[in-house]
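Take this structure first; my questions come after.
Chain naming follows the written order as A, B, C and D, and within any one chain the residues start at number 1.
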Amino acid sequence: MSVVALILLFSMLLGIWRVLKGPALLDRLLTIQLFGSTGVAILLVLSKVFALPALLDVALLLAILAAAAPAALVQRLRQQKQRSRQRTSL
Amino acid sequence: MALLLFDLVLCALLLLLAGAAMLSRSLTQAVTLFIAFGVMMALAWARLKAPDLALAEAAIGAGLTGALCFTALVRYAKQPAYPQPALWRPLTFIGLVTALLLASLSQIPLQPSSAIPALVQQHLPQSGVSHPVTAVLLNFRAWDTLLELLVLLLALLGARQAPGDLPRYRGWSLSISWSRLLSPLLLLVSGYLLWRGAAAPGGAFQAGALLASGLVILRLNQQLSWLSWRHFWVRMLVLGGLLAFVLAGAVSLLLQDLGAVWLSWPQSIAGAVILIVESFATLAIAVTLTLLVVGEPKPEVADA
Amino acid sequence: MLSFYLYLGTAVLLVGIGGLGLWRGPELLRRILALNVIGAGIFMLMVTLAYRPVMQGEPADSVLHALVLTGLVVAVSATAFALALLGRLLTRAD
Amino acid sequence: MTIMLMISWLLLALGLMFFLAGSIGLLRFPDSFSRLHAVTKADTLGLGLLVLGLSLQSSWREGLLMALIWLIVMASGAVSCQLLARFSDEQPSESATQQED
């Protein structure tokens, strides 16, 4: 079963290249999205491997937050653009 | 064998993310990498069989740190790019120190020699809860937790002296309704974590951190406008954790015989005291962290 | 056994990487991130030490776990405070 | 029992394939929007198959919890895909209006 976790981790490793390369901010945010969903999968598998049911709770928590975080972060980044626009109009 | 390979890839990922975050040219890239690093740390805690820490790290790393760092990025919006300093001098020095530290790792004994874990196991039945981490935090070392609540309060008071000036902005309706849809679930899961803390991984810190992430997300989507320091009851919630702790300490001092130690609960009501203190502490942690992360928006700024 | 030393080594290397970032900067925000990386390394050292009893089939050291849990929350509040100061600094620099 | 186990492993392998496909898509697709597509869709399906495979080997309570997790990830994949796409769509247009000012 830990082979499954290993392969999932490997697919995360592939994603890192995209953060480093970019080019757009969207690509970097996407990698966080990938880390969120793959992380949930790894936690589910680890809870089976170690027979630790508490890790399912961790996966639930990560799933909820990975769900909500991009929405909030995007709001903040839009503020950045608004701010720089205000600055240029002054 | 596969587990060892898993460890190897996990450690490589951690080091790669941390190193790239420190050395990358753009600050946005550094912040993104750091958030990914937080998710990876949660996986590492899960691997090292520390589910309590994995819960807290997932709540903090995936929710709060992201919001904090992106807020800071907004403030860096129009700063000129800094020149990249030379690398060789810090690299030589730090490399030398790290090599020495690595060499000294072989001195760490494989057998733990501390008697404290055995003591915890021995006194666990008298603590009022059956999960050892909660017993340590809320009973055996309640002093630490009390002082930690004080640290949180001090951080909030300090941060209030340096207010930011982020304008409000109108969110998309999709994002607003999505955050509204998620909020009951967040509340439910925080309550579940708090309740589970007595017997299984979970407790005030994890529940508080999760609740704080939820509140931050709602605040960033223009909800909960009452949640600010101006509101009297919000201040009471922030202070509530400390007050409940001190009150519980005083009451249990009165209930016990002379010579009882400060912050030791009478055995018969220990479970109830811990649950009450934890509930107030959860709310206090959640509200304090929320105020720390989102700060106070300017009263009114016209929409874009 | 091997995993134990692997995680110990990672912890030390994380502290080293954080120290490098702290020294080099150049932005203050990156220095704050670097402090967090150093913190993560130290927490990892403690959690790995707490893992030792697991290798003998006993439960992990709960005292160390409790300490690190306290540390995580204190670290995030300290970071938030530092970032508030940073925000103030950048606002004045404008 | 062994047939259940075999089905479970088959589902796990299928799920892994989708995860790997999502990552390769993130690496190889030519523009940001197709990459967005690859990550949010393939991973959701992969997680679903993984959950199905794992729940064949565990109790009904754990299976239920995992199904809930999958539902959340599925909904969030759809929503954050929309939000991220809209965000990146906004970027060029905003800089254009900025120049007009």
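The rule is simple: contacts are C-beta pairs under 8 Å (C-beta built on N, C-alpha and C of every residue); 3 or more make two chains touch, one makes a residue touch a chain.
Computed from a prediction, not measured in an experiment: that's the story for all the values here.
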Selected pair, greater C-beta contact count between B-D and A-D: A-D
Distance between chain centroids, defined by C-alpha means - chain A, chain D (Å): 11
Rounded Å distance between chain B and chain D, as computed from the means of their C-alpha atoms: 27
Centroid distance [mean C-alpha coordinates] between chain C and chain A, Å: 20
Interface hub residues of chain A, defined as touching at least two other chains: 10, 12, 25, 29, 31, 60, 64, 66-68, 71, 74, 77-78
Residues of chain D touching at least two other chains: 72, 79, 83
Multi-chain contact sites of chain C, meaning residues that touch two or more partners: none
Every chain pair in contact, whichever chains are involved: A-B, A-D, B-C, B-D
Contact set on chain B toward chain D in their complex: 172, 174-175, 178, 185
Contact footprint of chain A on chain D as seen in their complex: 12, 15-16, 19-20, 22-24, 26-27, 32, 35-36, 39-40, 43-44, 46-47, 50-51, 54, 57-58, 62, 65-66, 68-69, 72-73, 75-77, 79-80, 83-85, 87-88, 90-91, 94, 98, 101
Contacting residues of chain B [partner chain C, same complex]: 3-4, 7-8, 11, 14-15, 18-19, 21-23, 27, 30-31, 34, 37, 41, 44-45, 48-50, 52-53, 56-57, 60, 64-65, 68-69, 71-73, 75-76, 79, 82-85, 87, 90-91, 93-95, 97-98, 101-102, 105, 108, 110-112, 114, 116-117, 120, 132-133, 135-137, 141, 144-145, 148, 151-152, 155-156, 158-159, 162-165, 205, 208-209, 285, 288-289, 292-293, 295
Interfacial residue positions of chain B with respect to chain A in the complex: 2-3, 5-6, 9-10, 12-13, 16-17, 20, 24, 28-29, 32-33, 35-36, 39-40, 42-43, 46-47, 49, 51, 54-55, 58-59, 62-63, 66-67, 70-71, 73-74, 77-78, 166-167, 169, 171, 175, 178-179, 182, 185-186, 189, 192-193, 196, 200-202, 206, 210, 213-214, 216-217, 220-221, 304
Chain C to chain B touching residues, read off their complex: 1-10, 12-21, 23-27, 29-30, 32-34, 36-37, 40, 43-44, 47-55, 58-63, 65-70, 72-74, 76-81, 83-88, 90-91, 93
